[in-house]
């Protein structure tokens, strides 16, 4: 089943149990009970998920495609999309590489501080985005720890792209690692050891043996990372300065349009983000199937 | 089939990697995670810590946040179990679609989540349901964003139940409810707790989805993250840091508890 | 012992993924590069404007108008809008900007000490101001509760919306409008303070900025919003169902503007500020609900002068009110805290 990039021991099923092939449809529950449960569950999902998102899509296009296109081709909207894409395009590869290195370290390395490392990796789940934004502000702001040094060297972190990237990297940090650790664990070192006896260098072994064996877990982790990076709002609110056209990401743009009473603009940008989210969902579903057939 | 390799050869190819890996990991985590949090904690020490965290508005925000998050966890435990049950134990056309949708709150940016909820359940609601500026709005937003957690935690466990114990109990004359309460629930308990714990942790710090629909009314619907945001804008980052540290400690303890729970649940090693 | 050779398909997928990531990264870097440069090639000047939350619509018209003038040719702008106090603090924290256009003079004065604005910024014929407005009472369309005066706000059951005076410049104007109106009616300072205490008992929401307070009100919260005249006019233009009342006694809001010392293009920045005080620009401001500082652009039928109009100087000047009313240990600090205890 899809998991959310959570720490492996939490999200995985307990080891040693067999999986049933077909859904066990009864423990003697009557048909009526089954229909009742089904109705309740579907009603809940409908009321909470389907209706709001569906209604938003409807509201966005209720005046036709024209206003939506106009809204999305607004200068600031295009900039917002560009800035968001750039921030994600920098953060995701960084976290992917880190994720692979860190996962290899956790599973294959003989580290004494493994639980400390795992705890550190859990932090992004525990820290509120606003708290993160404040922490970055306190560290890199003009009056912060690194502030004076940064001003002297003319480097702008807060209110500029680097600050946004740092926030995005933090919040999307653990997903690749958490996906890869159980995968690496399960795959084992047999093939790699075999390769090294045959004289393969470390990098060759990695590229030809390790990487292909973790491909689906890696892809899934990358998708989760991307989704989380795209959606970041709270920390970027504080750290970006919300400069339209320069540091205003697409989620910030949604809020900006909403506050300007430009509901069309707000909904248009939201719909764009929602469509991207749905694309992410579909990718997740597709990849899950591959992971399970591994 | 594995062959026992001479130790010297094996070590040669693997020796360099850990040292490099450790430095890269340490540097990365240090810069991205540890340094900002250290600066934050240092900043909180600059404030009159106890005054900042016991200030009436701060206290109200923190208490409300904890209560709301607990409520949300409870709601999600019940509904998440229900949804997971139906997805695993039932079959109907479109089940795959429903299953995929569950992850939507995770993929959707929080501000968009807030906007969509506001559209349907706010002042211009086509259903005539307006909960904006109320505490219910906060709970609604939090339930939305934490919906996937319990469902996804329970699903794999539910799937892996092989039904033997259930059938055995049924053959001994136990009714469905008894079987559910005495056999299924205990098996699901670790997953339920884990999912609920994650929902709780996420709710504690949630910001984007709450900001639009709750009205952020001090003492009424202001959550801790919004209060911290206000303190920052108030030009009091030290007090904001103090309240943040409280929130951090709470969430971190929670995550630690979840880890301990998980290792105990799977029987020891990890 | 056989070595399991990886199948061809997975390897190409991994390779594709790696290539994809690389392409993304390259695209990002090139986009970054092209984004920061201006479309018109090198030699284009870029000015950063940092303003408070409400004049966004006005500046969206003013900037293109400026770009048509000889002084504005080839000048590009970035803009950031937010609560006046918060923006001021952002600039102090390092937000790069060429021009600051804020809600009240103290928010610009705060930038003088760190050396971000020259200490003589008020020494021109407009005393550093670019627009005026007045505090008004914004009500629901048709004014169902019949709110006309400051005293009407104290009636039991009347819900008042005003931004948080500790973040929002607009809120300070509101409070001073209420306070000064009492003084203008002949009450003593003690009575004016009591008025504020009673007023805040009816306040149901304190958003971070004037615009957010308007948002809250427009979304259905409260019976009356304390706001600027120009905000009310903007709301009406955006088809919000509101009316507004100019109370007989109210304060003249004066919005300052200044060029920063850190500006890389002071000449063009000054040119922009000068442009904003010309008749065409002031007329654009007037169109968006602001009262021009330029006499000749002020239309008295659109912007009547209230009989009891007073200024910040009439209530003691910013230094005095900041210390006595707006400090955390001043009057408002005391009011907010007592509110917290009773409504907590």
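Assorted remarks:
So that you can tell them apart, the chains are marked A, B and C in the order they are listed, and the count of residues begins at 1 in each.
The rule is simple: contacts are C-beta pairs under 8 Å (C-beta built on N, C-alpha and C of every residue); 3 or more make two chains touch, one makes a residue touch a chain.
Remember, it's a predicted structure, so these values are computed and weren't measured experimentally.
The interface with the greater count of contacting C-beta pairs, when B-C is set against A-B, is A-B.
Among the other chains, the CA centroid farthest from that of subunit B is the one of C. With centres set at the average Cα position, the gap from subunit B to subunit C is 36 Å. The distance from the centre of subunit A to the centre of subunit B, each centre being the mean of the chain's C-alpha atoms, comes to 14 Å. Multi-chain contact residues, meaning those touching two or more other chains, occur in subunit B at positions 3. Contacts with at least two other chains are made by residues 137, 194, 258 of subunit A. Multi-chain contact residues of subunit C (touching two or more other chains) are listed as 1.
If you check the complex, the residues on subunit C that touch subunit A are 1, 3-4, 6, 10-11, 13-14, 17, 21, 24-25, 27-28, 31-32, 35, 48, 53, 56-57, 78-82, 90, 92-96, 211-212, 215, 218, 235, 238, 240. Partner subunit A is touched in their complex by these residues of subunit B: 2-3, 5, 9-10, 12-14, 16-18, 21-22, 24-25, 28-29, 32-37, 39-40, 42-43, 79, 82-83, 85-92, 96, 98-112, 115-117, 119-121, 126, 143-144, 147-149, 152-153, 155-157, 159-163, 166-167, 170, 175-176, 179-180, 184, 194, 198, 201-202, 204-208, 211-212, 224-226, 228-229, 232, 237, 240-241, 244, 247-248, 251-252, 254-256, 258-259, 262-263, 265-267, 270. Partner subunit C is touched in their complex by these residues of subunit B: 1, 3, 56-57, 59-60, 122-123, 130, 132-133, 215-220, 230, 233-235.
Contact residues on subunit A toward subunit B in their complex (touch as defined above): 1-4, 6-15, 17-20, 23-30, 33-34, 37-38, 40-42, 44-45, 48-53, 55-56, 59, 98, 101-102, 104-105, 108-111, 117-120, 122-139, 144-145, 166, 169-170, 173, 190, 193-194, 196-197, 200-202, 205, 227-228, 230-234, 237-238, 250-252, 254-255, 258, 266-267, 270, 273-274, 277-278, 280-282, 284-285.
On the subunit C side of its complex with subunit B, the touching residues are 1, 83, 85-86, 89, 164, 166-167, 204-208, 216, 219-221, 337, 339-341, 343-344.
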